[in-house]
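Here it is: the structure, laid out below.
Per-chain residue numbering starts at 1, and chain names A, B and C are given in the order in which the chains are listed.
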Amino acid sequence: MGHVILITGGCRSGKSAFAQQLAEETGDQLLFLATSPPLDREMQERIRLHREERAHRGWQTVEEQQCPARIIRESPPGATILLDCLTLWINNMLYLAEKEGKLLDEKTVRGKAEELLLTCRERPGTVIMVTNEVGLGIVPENRLARRYRDLVGRCNQCIGREADEVYLVSCGVPLKLKG
Amino acid sequence: MGHVILITGGCRSGKSAFAQQLAEETGDQLLFLATSPPLDREMQERIRLHREERAHRGWQTVEEQQCPARIIRESPPGATILLDCLTLWINNMLYLAEKEGKLLDEKTVRGKAEELLLTCRERPGTVIMVTNEVGLGIVPENRLARRYRDLVGRCNQCIGREADEVYLVSCGVPLKLKG
Amino acid sequence: MGHVILITGGCRSGKSAFAQQLAEETGDQLLFLATSPPLDREMQERIRLHREERAHRGWQTVEEQQCPARIIRESPPGATILLDCLTLWINNMLYLAEKEGKLLDEKTVRGKAEELLLTCRERPGTVIMVTNEVGLGIVPENRLARRYRDLVGRCNQCIGREADEVYLVSCGVPLKLKG
């Protein structure tokens, strides 16, 4: 029922701007679902400014670091949701797991991604997800970075295979991969 | 005569799954040519499981770390060969060269790639090669990592220019670049 | 008035070779605008060889590390200019700023990119710019590398959005993203 769009690209590739533009063309009721933890004061200030700037264009912002599916489930049917971004969500889950001495493996992430997709399907309306490509550089020496890279790739694959539309953004230019 | 397909993408982008699917659609006799060295017990176990799982789908697996061209030359004409992956092959050659105090330069790698291509051309049947994009991140500080990145890029260029088909896989979605 | 082409890709992806080929198909008067600082003797020698090799194919080479717009402004109208590459230009500006204890931020880089574009527009002829994707790996631990990555991404976005044509090169194969 719900429509799922995945947007990928590198750091500062213009993927978030394209995602917002796509959302604004899609719907009237706009929900920005932020997964970003406000790490330091500079980051907090930046997030606040982005939030205000979006509010002027009709967006409501909700923050959820661990369970974006819950927010999607509880959001008004028909509203266009922009989940920005999957990589920070994976990062938050990995951080929590490490803190609790647990292992976040690819199977668990696949389960989480499938739950997220199912939630989007059960709810009328469009969900646009932003992610990052993080696996196109040299294998990182840091063990946790390697795990993160694997988990993000796994999540992107799961979502990308099921999504109705997939875009790759490079140099501010979106390329439709699917849909 | 032989048909060459190159599949590139990032870590966990779904490129190997796509390559296997393509091979299974292409031929009846399937040969998996693994270049991966079994580095530790965990890796060995993972490789064994992958191998068994492929065997159920009709694949035969051969391992060759230094000279995949030899295996291709000696394999049954018409069999569909999946070489997974070029990056590990480069890695193996670089490792051996360093151990012997020799320099593996771009010219040598270009020669090796051309030999590989020629072997594929001389033999009837399809060879699918999987590779990685490793040059889309920040320049690595480690000297050997920089060399590896240059060599992989050079090899990918040589193969990609001559290949009949080239695909880029992102988020589990293949994009045809050529063919 | 002027025509702008942006070519992106990873390290050793074949982007410079494609850019030169495109330029040679475009015009008779060919100007290579190099932003690369000759860092060491090996690099100097490599640059000299490239320069000589291009000269045989009719190219004139000019080096400018900080202000490529100035060279473009002063070059003969109608000449085809190949600016190789934007990433080294950003690197040079960042290096100078750090040395002078100044901050090179995204706003400044956007201004510089816009100035460059305006210069290309005001002059009859084609300008081909080569850049790198550097934001598709793991977030670098090094602060300066993170800043560099952000600045390159920002510059690429600005140029890519306004360019008449944008290409992504992977494994020696160009993919048209726009134009």
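By definition in this document, a contact is a pair of C-beta atoms (placed from the backbone, for glycine too) under 8 Å apart; a residue touches a chain by one contact, two chains touch by 3 or more.
This structure is a prediction, so every number in the text was calculated from the model and none was measured.
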Practice prompt. Name the graph shape formed by the protein chains and their touching pairs; answer line, ring, star, complete or other.
Written response: complete
Discussion item. What's the rotation angle, in degrees and to the nearest 5, for a C-alpha fit of subunit B onto subunit C?
Written reply: 120
Worksheet entry | Type of subunit A:subunit B copy interface by residue overlap (half), same or different | different
Worksheet item: What is the distance in Å between the mean C-alpha positions of subunit A and subunit B?
Response: 31
Worksheet, complete the sentence: Where subunit C touches two or more other chains simultaneously, the residues are 10, 133-138, 149, 175
Worksheet item: Within the complex, which stretch of subunit C touches subunit A?
Response: 6, 8, 10, 106, 131, 133-139, 141, 149-150, 152-154, 156-161, 163, 166, 168, 175, 177-178
Response to the item:
Within the complex, subunit A is touched by subunit B residues 10-14, 132-138, 140, 142, 145, 148-149, 170-173, 175
